[in-house]
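Lettered A, B, C, D, E and F in written order, each chain numbered from 1.
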């Protein structure tokens, strides 16, 4: 099944720089044009997607999850 | 009260390019080095923070909210 | 850009039964094998994806967002 | 304290098929009419709720957490 | 259907002080011992639950959604 | 960089009572006027912020993450 598009507006393309593998959840650090974007997903998903250092991925997040701080 | 630091690892500094004001929630488009980052927050927060086009802000998101897609 | 796979484990395939269009956010009701799944996304995303009643979609959600209640 | 109803529209009734127990967080796989729904909750909550394989539960998620992908 | 318990550890009991009703989503301000807790839920849920000013409710949130700032 | 204010309306000031340290994620229990508020953040953030039992912190959460249950 191929997905054409997702509704999520915030998408950061990059490659995986580091995987910190945990028992249930793992941390994925993605090198993007915006710097490192960190994602936490289940370790099972890491395996199912075959993610490893260097994999090309998109890190994405729903707009409703993004907060704003004023400087 | 001044906050020194937040735990959130994904922080995108920029300025507000557009505010789409709704009755309860508003969409904030932030111009960052990574492109546009879109946030949805309450319209009351927009007013309390005094946000307007051009305001310098940080858009931030928890790592647990970030998903990964494989290309 | 075609996405091969996403890490999100909870995916519900179906078609859109109703769109409740709001000024900033819209409610999308998706008819799935599991019944109606309701999603709230930005109205801009509704337009960018060209979503309408009958569109075939996948509603998906990260595992960290799913809560458990005991009966 | 008994809860009459929650605002969450997306509720999937089922029974626990597997618990992957981690140090801080655990993965709960719930067999529902819609297939497996995966939830990640704190291991302390697993113990406090007395969850085990076979327990009848509802997996639920807020509408604002549900994303849409177009096929 | 009566729910015995939910896994969500952060539960704030109180009564509704104000409802800001929007077209798709509404803001609910709950007066709790911890001060005002603000929730945004679908307007349809407001109606289905019959929420109004004064209703006794619990505002709750998953631990994975809570961030930490250092003072 | 000092943050003046964040959009998040639900802020609970307190001090850390317990840290349950995991391989990738840790549970932080914050003693507040509203009782214990539990947060799950990356273990790396725990270290970067120098969090320890007794640290003064604010636990905060976006309004869109807060659910409502009726009693």
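Basically, a residue touches a chain if its C-beta (ideal position, glycine included) is under 8 Å from a C-beta of that chain, and two chains touch if they have at least 3 such contacts.
For clarity, every value in this text was computed on a predicted model and none was experimentally measured.
Taken together, subunit A and subunit D share the touching chains C, F. Shared contacts of subunit A and subunit E, meaning chains that touch the two of them, come down to B, C, D, F. When you average the Cα atoms of each chain and compare centres, the chain farthest from subunit B turns out to be D. Taken over every residue number at the interface, the positions common to subunit C and subunit D amount to over half, indicating a same-residue contact. By residue number, over half of the contacts seen at A-D repeat in one listed pair from A-C, C-D or C-E, namely C-E.
Centroids built from CA atoms put subunit E at 19 Å from subunit D. Subunit B and subunit C have centres, each the mean of its CA atoms, that are 23 Å apart.
Along subunit F, residues 2-9, 22-23, 25, 27, 38, 40-42, 44-45, 49, 58, 62-65, 67-71 each make contact with two or more other chains. In terms of which chains touch, the assembly is arranged in some other way, matching none of the line, ring, star or all-to-all patterns. By the definition given earlier, chain contacts exist for A-B, A-C, A-D, A-F, B-C, B-E, B-F, C-D, C-E, D-E, D-F, E-F.
Across the complex, subunit D meets subunit E through its residues 2-9, 25, 40-42, 44-46, 48-49, 58, 62-64. Of all residues in subunit E, those touching subunit B in their complex are 20-23, 25-27, 38, 40, 64-65, 67-71.
Within the complex, the subunit F residues that touch subunit E are 3, 6, 8-10, 12-13, 27-28, 30, 32-41, 45, 49-51, 55-71.
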